[in-house]
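What follows is a group of structures, each given as structure tokens.
First chain A sits with chain B, and in the next complex the same chain sits with chain C.
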Partner chain A sequence: MKRIIALLVSVTMLATLLCGCGTQAQSLTEEEKNTIVIWHDKEEAVSEALLGELQKLVPDVTVQLEYKSNLTEALKMVGNDPKAAPDMYFFAHDKIGVYAEMGILSPITDLIDRQTLDDAYVPMTLEAATYDGKLYQLPVYFETLLFMYNRLYMADENVPETTEQLYAYMEEKTRGGHYGFVEQHSTAYYSAGWIHGFGGYIMDGNGNVGLNMPETIAALEYHKKFVELMPGESEYATVNTLFQEGKAHATIGGPWLVSASRAAGMDLGIAAMPIVDESQIPISPYMGVQGVQVLKHAAENKTEAVKKVLNALMQPDVGITLAKVSGCAPAVEACYESEEVTADDVVMAMRETAENTIPMPNRPEMDIMWTVAADMLVNINMSGQDVVTSCEAAQKNAEELIRKMQ
Partner chain B sequence: MKKSDKKKKNGILVSYLWSAPSLILISLIVIFPILYTGYISLTNMNVYHWFNYDLIGLQNYKEALLVFDSGFLSALMLTIIWTAVNMIVQLVIAYVLASLLNTKGLKLRNGYRTLLIFPWAMPGYVSILLWKTGMFNSQFGLLNQWMERLGFSPVKWLADDLSAFICCTIVNLWLALPFMITIIDGALQSVDQSFYESALLDGAGWLKRTWYITIPSIKPIIAPSVVITIFTTFKQFDVIYLMTQQAGAKTGAHIHTILTYAYENAFITNNYGYSSAVSMIIFVLLIIFSYAINIKPKEES
Partner chain C sequence: MAKALKKITQLICMFTVAFVLFCPMTANAEEERSAIYVQVPEDWNEPCVWAWDEDGNNAFEAWPGGETEADEGNKGWYYIWIPSWANHVIVNANEGEVQTGELVLEGGNVWITIEDPENAEVSYEALTEGDIPEYVERFEIHVSVPDSWKTPCLWAWSAPDGTNVFEAWPGEALKVGEDGWYTGKAPTWVNSVIINANEGSVQTEDISIDPAELWVTVEEDGSYEFSYDDPDAVSAPDINVNVMAPADWEAPCLWAWSAPDGTNVFASWPGEAFTEGEDGWLTLAVPGWINSVIINGNEGSVQTTDISVETGKDIWLVVAGPEEYELSYEKPNGVTADTGEETEVSETEDGEAQPDAGQESDAMTVQTEESGVSTGVIVLIVVVCIVIVALAVYFVTKKKKS
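So, the complex of A and B:
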């Protein structure tokens, strides 16, 4: 008897182990068709505001927001499995290429008329959301790096207008544990602004690698003297702490730094990016567009509910609310008619900087470029290696790794 | 005769049947991923062929072998040095500390034990980043605060290869010592005290007692843990990656173990077929390595 029971238990165990493996094809019920699951990786304030707006605007659709800390990896695993994948996800535009190539995204233009989008959005945001000629993201808000300064040290009239003025300021003020200017000098995201300021690029929209372009090399040669007047560490925590604790007079940082600095009681100023003397182009950082991507299975099976949610997200009210909680600039043009938005100096500075920014490339190859470019920058700025040799080696390495992607 | 044979066969069958659930579980968790990685390494699964990949034979291995260039060889050398240095220092310190814990008449013994085990209770990731910013950061780190107070100029601890290697070793020791101390501590307690008594009667000093009694008695007990630790140290990724190469926080040092090297040269490509081939080759290397270690004690015995 005991044996039989034990055997039964083992069989049940095995059966439960394996029962998850089967797949069942079934059509969706009405309730399922009306439920939209959105994955995101945003802070609570943003997700709550988004959920609140959606519940108000589309009461007949049940919207579920699910926080995923490793969203990008999770999507790679389950992207084509309707049972496990979300219907949409809320994320930056720079991963569009990866998922579009994987074939799990639906073009937004299949759901919303292109002309309507062109009329409603800041053109740069739509450009950023386009991969291979197709629009894969409905932009919600965008962010760029800003030139920030601490008014305690740097008066408004002393804010450098050109990079040479900035250098003179740094030379004068960097001493005794104080820094005239700090930035994450050896990470690709921050260095890109300088490279663009010389007319170079890390990778252009067509996937060309530009690490050994004469413009890129010139930018890095020039940037080196600034790095010498900055701390040895180039990571986020060190740079931001130096600025927030009043040890650095100015920095280039994202909107996330604004609220933290103001909360710490700093009289924070925001200015236009300094212009590179040689090229007369301002430092032009990358722009990141946060928005909603629709998965293919949802676009096909839950068309109506998806359309309702997308239309709701196009309302200026949503853009204004989300811009407020995230500290970013709304992507819908109409939002800038609201006084709430125009009164916000950070948002308006970002709107202005957006004229000179370059959308982060959304190609799959960028995953490689972030690492290779960072290695190159570390070699140049921190290990003191020759600029030209480092750039040539990085270019070769990047091209080799890109070849291996396929 | 025949009957007993049949019975024996039945017995074997039944015992396999009883252990079937756990065997299946083990194969699902351990063997299946390895086989699956092997299968993926023969396909062209990458961003461009994510769900519609095909078998392409050994092509990935041909590409993967290119990773094993001179850079890989120096990474392999460094991994071996890293493992050796860490193991030796770890064993010596753990042995000394465990012996001290076993000193007769030691008060607060359990208090010390808890303190020594503490680093183990913290997630490795947190410990590593705490060390990195709290100790070694050139602006805010404790070490540089001391340097400044003592009138020296601040040092970039993680910027050059040698000092970064030493810093990583210290952090790795901090993470790994609790395990070694616990094991050696337990082993020391299992040594029969009567050996020491007779040795004392024969007039053997501390060194002789340690060499002829303690070490031979604890060797068989700590041997498996040493082998395990050699492996974890050999395939260490977190410490070196987080300390010196974390994305956005590179420090300028170029110390690569085979895993961080493979990561930078294969895994960032999002080409799963190719990365799997690299993983399989590293897996085979580890197997050979473990075989080499395992035959050694046998020879000695």
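So, the complex of A and C:
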């Protein structure tokens, strides 16, 4: 009996020793606890500004910003491994659902009081960053599509206020190789604005697919006449270059188009989105919120350093600096008290447009919807297929793929 | 290494193309400008200025450069506004037949007095009286008219306010070029023109235009067509697109277009089906101006990403999957329908920025499976080690006892 007990003790000790090798050593040194690694995929100007602000505001924490071109895939692969994963990542809110489902994210409210957040942020940014009732992102800035026009061709007083005015303008001006208006008409991100303008949706916040909703179908039926007055090809480079080279009078594009257009010498105008005549709702594009997500292991093992970084990111100066270099709108309300921000017509247009935007769904199923909706749009806009048939088929396809995913 | 070099070369080419596309060094409307005044010998007609900087950036697209305008308030003086960065100039005339040597300027407005090609004096003190006429951005209008339309003129104005560019009808006579097109210029505030001839006795109706370079073709009866693209631009001959597609891509089709203008070859997706070529290659002829293709199959339900190709060259594409392909401009050796699938696809390119649902889902599944497998293997190894050690201890103990 003694031998059996001895044997069991030995086995237990051995097992403990061996198993110890497979788990993470939680005893971090003080230096490790004070080092925060943040992955990002932003341009150098943004990352430099972010690092500069953090170094200034939290000098006792070592912040390491690491650029990852394939951030989302990399996180999927190593998010569960504290040795390989970052402590935080700076990215758009729309992937929150994927990582929340993987169980690798810590709710921000575990680190910062909810009321403090509610008091500080533009409400829709917190709404966008919430998945399954929990806030997983500390917003930094947000972006949305804007209605832009070339003042050489379109005078301020001629900017269409409604979609019918826009259509009339396109009919008059689209000829000889110039276009009255161009957009990425068969890309779901851009088409969503029209769908929302009719009260439809691609996927709502609860994961319901809306491709065959009467409102979505009506939007796509209506949108077709606009597509007929645009170039057949509508991918990013084509649309942006047409606008920047003065071959299109107006477009719906992101803030990234502003500096390039102005650098090309364009007198660029930015206006409110046209209102859909039928619904009296403006074209309502998606809103993307860029911010910081905290990985669970960091929240648990580097709590103090993480809190310091998050608190620093809540400072209006950080929001203003990052918004300036990114060309986007700050998420912290107090930033709008700064003249630097209010004097920026692009930022203020984004802030105004954001009143009618819809946060990009952050559910994992949305990954499926981008592709299904894009295929549907190609069928309708480029292959000339029937709208109702295409929408019904896409709805069925999306539901099936989501079922398989679950 | 060769692959790495190839990739680097591709990247450099891409950046060069992007640079050329997005950083045109010819003048744009917003940049700072300097006035160049010139006084030329009597036999120098229609003086022009050719301007550039130390880096070789030219202010004008082609020799003889920008045409000067006579300053009505200062007889014998002509002026032109050039970008301030262009600090090297040559003044020329008579369609470039006479010219000065290179003049290096210090910046700001200058007055150049030319006695002959060898003697030109530069002054930074105003040698003219009154204000320098303001810079007005202009665009060119090219016109093709029937033979019976003599001395065609341009009449231009801004609608609806009715501000005219020229003092009196029939407006300004257009200058004929070597290519037979007549050309005139109008300020960028113009949005309406009429082309007329025979002293204004024949004319088009009002033409509503954008203030951008355009080509107007007028018929005998005054009807017209116009385009913002040069209709005489040389069209490239057809090219052949040769493809090896994956075996499970049924009826592969080609979708081809010109970026960034978005001109498609085919009317609707998924494009046109390939025909059987030699050695198992699928082939299709398309206009040589295309620079982007997508190969698709199964009625367009599977497809490659956008593939950029060089214009005017036959291409060979071995497609292994939506984002895996090998592109070459010469027929690859030894690739046939039988071997195509086994070809190592070394040159892959990333897909579009839009997330791919299938990939995302697969990646998630793979991740889950990988995590599960690796954890399971570790547990199994631990258990096996424990059992082996336990058994060894047990048998050694038992043996000693016996």
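Methods note: the second predicted complex is superposed on the first by the 381 of 406 C-alpha atoms of A that agree within 3 Å, B and C clash if a C-alpha of one lies under 4 Å from a C-alpha of the other, contacts with A are read in each partner's own complex, and residues count from 1 in each chain.
Convention: a residue touches a chain if its C-beta (ideal position, glycine included) is under 8 Å from a C-beta of that chain, and two chains touch if they have at least 3 such contacts.
Owing to the predicted nature of the structure, the values given are computational and were not obtained by experimental measurement.
Novice: Evaluate whether chain B and chain C can sit on chain A together after superposition, giving fit or clash.
Specialist: By the criteria stated at the top, chain C and chain B clash after superposition.
Novice: Which partner chains sit in contact with A:Met77 here, chain B, chain C, both or neither? Use first/second/both/neither.
Specialist: It touches chain C, and chain B stays clear.
Novice: Between chain B and chain C, point out the one touching more chain A residues.
Specialist: Larger number of chain A residues touched: C.
Novice: Of the partners chain B and chain C, which touch A:Thr241 in the superposed model: first, second, both, neither?
Specialist: It touches chain B and chain C both.
Novice: Which partner does A:Gln406 reach: the first (chain B), the second (chain C), both, or neither?
Specialist: The first partner, chain B, only.
Novice: A:Val325 contacts which: chain B (first), chain C (second), both, neither?
Specialist: Touch status of A:Val325: no partner.
Novice: For A:Gly103, select first, second, both or neither according to whether it touches chain B, chain C, the two together, or no partner.
Specialist: In the superposed model, A:Gly103 contacts chain B only, not chain C.
Novice: Applying the touch criterion given at the start, work out whether A:Thr187 contacts chain B, chain C, both or neither, answering first, second, both or neither.
Specialist: both
Novice: I'd like to know which partner A:Met348 touches here: chain B for first, chain C for second, both or neither.
Specialist: Neither partner.
Novice: Tell me which of 60-68, 96-104 or 132-140 in chain B produces the clash with chain C after alignment on chain A.
Specialist: The one stretch of chain B in steric conflict with chain C is 132-140.
Novice: Following superposition on chain A, which residues of chain A contact chain B and also contact chain C?
Specialist: 10, 14, 76, 80, 98, 102, 187, 189, 231-238, 241-242, 364, 367-368, 370-371, 374-375, 378, 382-383, 401, 404-405.
Novice: Over in the complex, which chain C residues touch chain A? Could you list them?
Specialist: 21-22, 24, 28-31, 188, 208-212, 214, 226-229, 257, 259-264, 268-270, 292, 300-301, 306, 352-358, 360-361, 363-364, 367, 371, 375, 378, 382, 385-386, 389-390, 393-394, 397
Novice: Given the complex with chain A, which residues does chain B contribute to the contact?
Specialist: Spelled out, the residues of chain B in touch with chain A are 18, 20-21, 24-25, 28, 46-48, 50-51, 63, 133, 137-140, 156, 159, 246-252, 254, 264-266, 268-271, 274.
Novice: Going by the contact rule set out above, which residues of chain A touch chain B in the complex?
Specialist: Result: residues 6, 10, 13-14, 17, 76, 79-80, 98, 101-103, 184, 186-187, 189, 231-238, 241-242, 364, 367-368, 370-371, 374-375, 378, 382-383, 401-402, 404-406 of chain A touch chain B.
Novice: For chain A, which residues count as touching chain C in their complex?
Specialist: Chain A reaches chain C through residues 3, 7, 10-11, 14-15, 18-19, 22, 72-73, 76-77, 80, 98, 102, 152-153, 172-173, 175-178, 187-189, 231-242, 244-247, 249, 260, 262, 264-265, 267, 364, 366-372, 374-375, 378-379, 382-384, 401, 404-405.
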